[in-house]
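Below you will find the structure I want to go over with you.
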Amino acid sequence: MHHSTVDPERLARQGFPEVVYCQSKTAEQVTDNLRALAAANGRAFGTRLPADLAEAVLAALPDAVYEPLGRTISLGAMPPENARAIAIVTAGTSDLPIAEEAAATLAFLGHPVLRFNDIGVAGIHRLHARIDEIRNASVVIVVAGMEGALPSVIGGLVAAPLIAVPTSVGYGAAFEGLAALLGMLNSCAAGLTVVNIDNGFGAAMAAHRILHSTHTSP
Amino acid sequence: MHHSTVDPERLARQGFPEVVYCQSKTAEQVTDNLRALAAANGRAFGTRLPADLAEAVLAALPDAVYEPLGRTISLGAMPPENARAIAIVTAGTSDLPIAEEAAATLAFLGHPVLRFNDIGVAGIHRLHARIDEIRNASVVIVVAGMEGALPSVIGGLVAAPLIAVPTSVGYGAAFEGLAALLGMLNSCAAGLTVVNIDNGFGAAMAAHRILHSTHTSP
Amino acid sequence: MHHSTVDPERLARQGFPEVVYCQSKTAEQVTDNLRALAAANGRAFGTRLPADLAEAVLAALPDAVYEPLGRTISLGAMPPENARAIAIVTAGTSDLPIAEEAAATLAFLGHPVLRFNDIGVAGIHRLHARIDEIRNASVVIVVAGMEGALPSVIGGLVAAPLIAVPTSVGYGAAFEGLAALLGMLNSCAAGLTVVNIDNGFGAAMAAHRILHSTHTSP
Amino acid sequence: MHHSTVDPERLARQGFPEVVYCQSKTAEQVTDNLRALAAANGRAFGTRLPADLAEAVLAALPDAVYEPLGRTISLGAMPPENARAIAIVTAGTSDLPIAEEAAATLAFLGHPVLRFNDIGVAGIHRLHARIDEIRNASVVIVVAGMEGALPSVIGGLVAAPLIAVPTSVGYGAAFEGLAALLGMLNSCAAGLTVVNIDNGFGAAMAAHRILHSTHTSP
Amino acid sequence: MHHSTVDPERLARQGFPEVVYCQSKTAEQVTDNLRALAAANGRAFGTRLPADLAEAVLAALPDAVYEPLGRTISLGAMPPENARAIAIVTAGTSDLPIAEEAAATLAFLGHPVLRFNDIGVAGIHRLHARIDEIRNASVVIVVAGMEGALPSVIGGLVAAPLIAVPTSVGYGAAFEGLAALLGMLNSCAAGLTVVNIDNGFGAAMAAHRILHSTHTSP
Amino acid sequence: MHHSTVDPERLARQGFPEVVYCQSKTAEQVTDNLRALAAANGRAFGTRLPADLAEAVLAALPDAVYEPLGRTISLGAMPPENARAIAIVTAGTSDLPIAEEAAATLAFLGHPVLRFNDIGVAGIHRLHARIDEIRNASVVIVVAGMEGALPSVIGGLVAAPLIAVPTSVGYGAAFEGLAALLGMLNSCAAGLTVVNIDNGFGAAMAAHRILHSTHTSP
Amino acid sequence: MHHSTVDPERLARQGFPEVVYCQSKTAEQVTDNLRALAAANGRAFGTRLPADLAEAVLAALPDAVYEPLGRTISLGAMPPENARAIAIVTAGTSDLPIAEEAAATLAFLGHPVLRFNDIGVAGIHRLHARIDEIRNASVVIVVAGMEGALPSVIGGLVAAPLIAVPTSVGYGAAFEGLAALLGMLNSCAAGLTVVNIDNGFGAAMAAHRILHSTHTSP
Amino acid sequence: MHHSTVDPERLARQGFPEVVYCQSKTAEQVTDNLRALAAANGRAFGTRLPADLAEAVLAALPDAVYEPLGRTISLGAMPPENARAIAIVTAGTSDLPIAEEAAATLAFLGHPVLRFNDIGVAGIHRLHARIDEIRNASVVIVVAGMEGALPSVIGGLVAAPLIAVPTSVGYGAAFEGLAALLGMLNSCAAGLTVVNIDNGFGAAMAAHRILHSTHTSP
């Protein structure tokens, strides 16, 4: 019995290559999958790779690059960067690991990233100071835990597509990101969309769909 | 068996007279209770009085005043107004009934009210245009449904006590006010407090405790 | 006290004009708001307008057009259509009202719509028969209740941005759309995004952000 | 006080012998129970045996066989295989431990198993490539986490009994398998049934009830 | 735009013809669908048809038969009955509507039904008095609300496949069937399977898959 | 600041002495409290004492007795036993720790206990074999996890007061005892009462209230 | 098919006769059941009988007595009263219907009742004024909605068995009685027990088990 | 990329300086932040600092003071104390860590604190013995887990502002503080407000807003 069914045509079908979700895999499985994908696509990428597992994978794949904060791994040459940038905004310092996961995924897909950290709504002047820069982005990804209010405010200030990422940051009645998730789904700013809790990878992929598709569709 | 146990000393003990919660009472019970409290305290007040029930109560108590939006009823002369005002801010028009319940309760307790309607975070400029007026208030009550983000933003802009009231406005994953409630409890702005969903009365009472107590304590 | 704070600069700021959410408003409030927005922007649009209220609004605004299935109302000339179309896919016939809300919103914003109805995953051949047409769309909106599996399957077959709309269709453990919402948030297809339960309007707005922004950003 | 009440007639009453649930038992309790059941029935089986406990049990029962992925243990000769096979399908590699628990249980009960791994709906072509093989099975067990959409698609393609097993694979709003469970309970494909989260053992037992009963009932 | 996408090959693919879910359809839609399916398959069947809608449908289809308790409608000649019977057991009288939905569905598919009503676990002697009859069935469907304990007890007494149907019967902490659903999913009797709350139709379909498939598979 | 406010008159007021809940206390706090209560009442009792903490407490109080399964500790001479016994019934072996907590608490209060282990509803004959003995008890405590069905069955067979204790035994949709708790609250057997999840101590106290009070009230 | 399975030996087995739960029954079913039980036991009792249904039942059974507040119906001569009384305490006036259901059930079973209404914890002096009377009761039933705190306070003041009944009184985050239910299950007063939300009948039955059993057991 | 965006004007804007939330930060980040804030404001404060991290921070900042129970750290001279005191009341000993967090925060802000420990409602006499002292406070903070009833009782006895802090103390159906949170939100005592579970810091900040604002507003 083999453990995985590879999907070599995903790039043609979906516009992006398969990515390895490393959470419940062994070092061998991660290594095998990265190698196979790099052989097929020229480069490979993995998410949710714990630090202890990363050591074993890097021993087998010394050319791979591991980002410990976002827990991503990449192998092979990154693509040349596109012209249009994506903004990644975090509400607080604790949201950084999820933002890093998104940023590394976008780098793997060739998208330049603008970073705006720790500008949550409790000090709204921090956001106003940077909003013009944020407006330069083609897509805005907003990462926030606790009450998850930042996407609503930014959504009212920019016209670009906005992808909200709730994080499990917070305690008590945050219920592991549920409060932020519900907040974002009920945003009073029209036209926001939401991904799963802590899913920086998914937000990056959604941004890629937007930029990739609008470049290439007739 | 009598249906209620009156509490004539509540004013002395808690600083405010007993109030009639009318939701599941008959017109006779509401009328009796209002009359008894007006006899004891000079005036009486009731909340959550449905419009159809109000008609019957007003027939029996022609001097009473019914506010249909906030569904409150008051009987007897209102007290002279205090010097310090309380701001009531709503995120959207749909939050008005709860704001009205709070306003009528405060009027009954002698507090002047400043109103700021429909200035939710999706259009943050509407809030900035009025923030200096809000800063003039001694206490700020913020009423919001959907994601409930407005208290977080205001909480970062004012030093006054801020009481957040989640409302059941919204649909789908708002879950009858749960999203706003969780959002407010997890606010990244420090020192906010929260009352029950749609509890405009409770927010007014909390504001009264603040102003009453700080006036009279040594 | 006035009941609303208008936002005439939303078009400049966010790329779309203000829209009237009619659910808890009176006929007078809806009529006033539509008139004011049409005066400012040349046309106006409202969502969640119940049939009985619509009658009163149409009496006051005889030029307005009401769509009873999607419960939307529009006033004024619709804009010329853009070149790029948006696909709206439903899993079942019961999802149509939400799809209609999305379609009417897109029409108001000038986007041509392709419709694919009742092609849920229980009969996957229905989807395969139409997938090439769906691939022609610049953005895909997928509306589904019950288990909400259709976005996952389509997400694996198209490269375009995909916005998933959970509906409250289903009974028992569907919990008013919660099952579909959780299913879509946990989709194994990468890069999907999700809006609130029954939020056809929000999905249309998100699609508009994608097409509007990629047209006009540098 | 003795710790267990044995049930030697379960085979006659229910068509299968008692099985040891090892999760919260000591190595001594597991060993005793397996020995007693093997003495009564010729063979014995245990589920949810952690790897560290397994070592101690194997020291006492050197003939027992431990499967570390599915965490099952069996003792005694397995029965001859029946003619009709059961398909076990997984959506992803992370669902394998639960599929292994089901497979080992079926082996213990004498049922041949066909395995189909990692063919989730995000790449629907993987499923189509194997659907004819799946149609050969008398019963189909589908194991899936995340949104749990795979049973709906397969349920629309096969006529056999289909038992869906939600797994706790996923993060954030997967809520430890709740999303997959609700998805499967609300499947738009008619006639699916569902077992508890991560309950590979229960699915196997349900398959056994189907094949055993239809073999032997008049 | 047509409202439905018919699926004429479902009988060949899944072993049963398409069935009309009438809940949110108009009388015209129900009538059209029943007529089209009867033309294709010789007979047609609908579930969740409210009494008021049924009147209009029966006016258009005078040969159709409506069962008010289970809210089902059937059109055309029922098939000859199979040899093997299915037991439908209810815990209480209030569970009858769901049991009726299951029974009418099974009649439509040609399966004889044995009925056992109001034999819940609070009076276990009522179950013991009838258990030998229940053991004669090829498949057992157990319908129960409140704590949903009946399937566990029967599951320990019979070897046949057992499908548990939680109902929304109960109040307070029954939470509309959630208590019964969780109870059945956690049954200590091995090999039970569960369908959605109040889903008598789904249970009947699952029973049909079992009997149909084991008759016809090689 | 002292850490506790002792309550020496609880015995007079409530019929039982204060008991130490050891979960989040230090060894010193537990030791101090036990000593103080033993000095006041002649004996003392503590619950939820982890094994590692118990060692330190026993070093300081060598006459104390620790029961590792139920995690209770007692100090001083136990009272003479009452005439009337209390039955403690468990559904499965995994429920034993909670049953032990109840048993040790009852011993501390002078009540003889009858034990019935591992007689859950999946093998109902095990219960029938012992029901006459259970009927001899003055009060019946039933401890069960998973679906928590055992109290319903016993409640239909005995006339004595029955206290149901849900346990956190089970996995997946057991949700840490929630399934059993809801099942017991919705029992179809009339007159059962329920305590918190895993609260063997509370069940014993409730039984004590019953026997103590009916002995001594006029 | 008959709709119910009667249980004539319940009195012998459980110490109380069968009672009719009228909620989802027709007037004919209620009438039949009451008549049959009165014929068997000399008297009969029904709960949750809506006012409109009651009219039809009383037309058929003119000797029956209907209590509209508690929605109970009784038929036949009530038994002579026992010597020992049961206290029923309510936190607020809105809890009365549930208290009435309990009181009527106890009357049917021959137990004298002491009533204490509207003495919730917000005015603790009301409770202190009556606590000595409450201490005279053999069993105390406490009925409370909202936060459900009253049982905790009374539980610390009396030694008698205390049965807590959460009610669905309250709004917003009361979640239809969930807040009160959780509060009572987590009471810091030892030895309380809890029944389902709004289950006045169940509390009365539990009290009956206590008094009946302790009278008659050896 | 720098990890934080400092907010030096928070003192002017909100009446209190920025505070470091240490939970998910490194020792270096905590140290840097404390140093920067002490440089700006003369003193600095951090919450949720785990004991192991505190050691490293204290090595770098030997003048800082760490409170292990409440897990707070402070640096710099504390301000002179205000005239008006704040009462902190706990229901049980296990609530002390949260009370300590509140007390340390208040000390940092210059407010004298009165402590009342372990006076929960199960022994209401303990509360009555101290209520006159509590009435001397300008603001009352009540910290309670389990059913969270203490704020309701105190709220009925004092006129001062009352801030309720639910704690995660309790087990089973306490659901990590949810029971206490819901209880406090539904308090029958008017005018209480609530903060997040275990949020002693937030309660202190809310008290500071009350005292600060009423001192300085016109």
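Residue numbering begins at 1 within each chain, and the chains themselves are lettered A, B, C, D, E, F, G and H in the order written.
Basically, a contact is a pair of C-beta atoms (placed from the backbone, for glycine too) under 8 Å apart; a residue touches a chain by one contact, two chains touch by 3 or more.
Only a predicted model underlies this, so the values are computations on that prediction, with no experimental measurement involved.
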### Summary
chain G and chain H share contacts with B, F
### Task
Name the chain whose C-alpha centroid is most distant from the C-alpha centroid of chain H.
E
### Summary
Whole-angstrom distance, CA centroid of chain D to CA centroid of chain F, is 35
### Summary
Note: chain H sits from chain B at a C-alpha centroid distance in Å of 26
### Query
Distance from the CA centroid of chain D to that of chain G, rounded to the nearest Å?
45
#### Entry: Residue numbers of chain A (touch at least two other chains)
123, 155-157, 172-174, 178, 181, 185-186, 189-190, 196-197
### Task
Mind listing each pair of touching chains for me?
A-B, A-C, A-D, A-H, B-C, B-G, B-H, C-D, C-E, D-E, D-F, E-F, E-G, F-G, F-H, G-H
## Note on the structure
Given the complex, residues on chain F that touch chain H span 1-5, 7, 9-10, 21, 23-25, 29, 166, 168, 176-178, 181, 196-199
### Task
Could you please specify the touching residues of chain C with respect to chain E in the complex?
93-94, 96, 115, 117-119, 123, 125-126, 169, 171-174
### Query
Where on chain F does chain G make contact in their complex?
13-16, 19, 84, 138-139, 155-163, 181, 185-186, 189-197, 201-202, 204-206, 208-214, 216-218
### Query
Given the complex with chain E, which residues does chain F contribute to the contact?
91-92, 120-124, 146-149, 152-153, 155-157, 170, 172-175, 178-180, 182-190
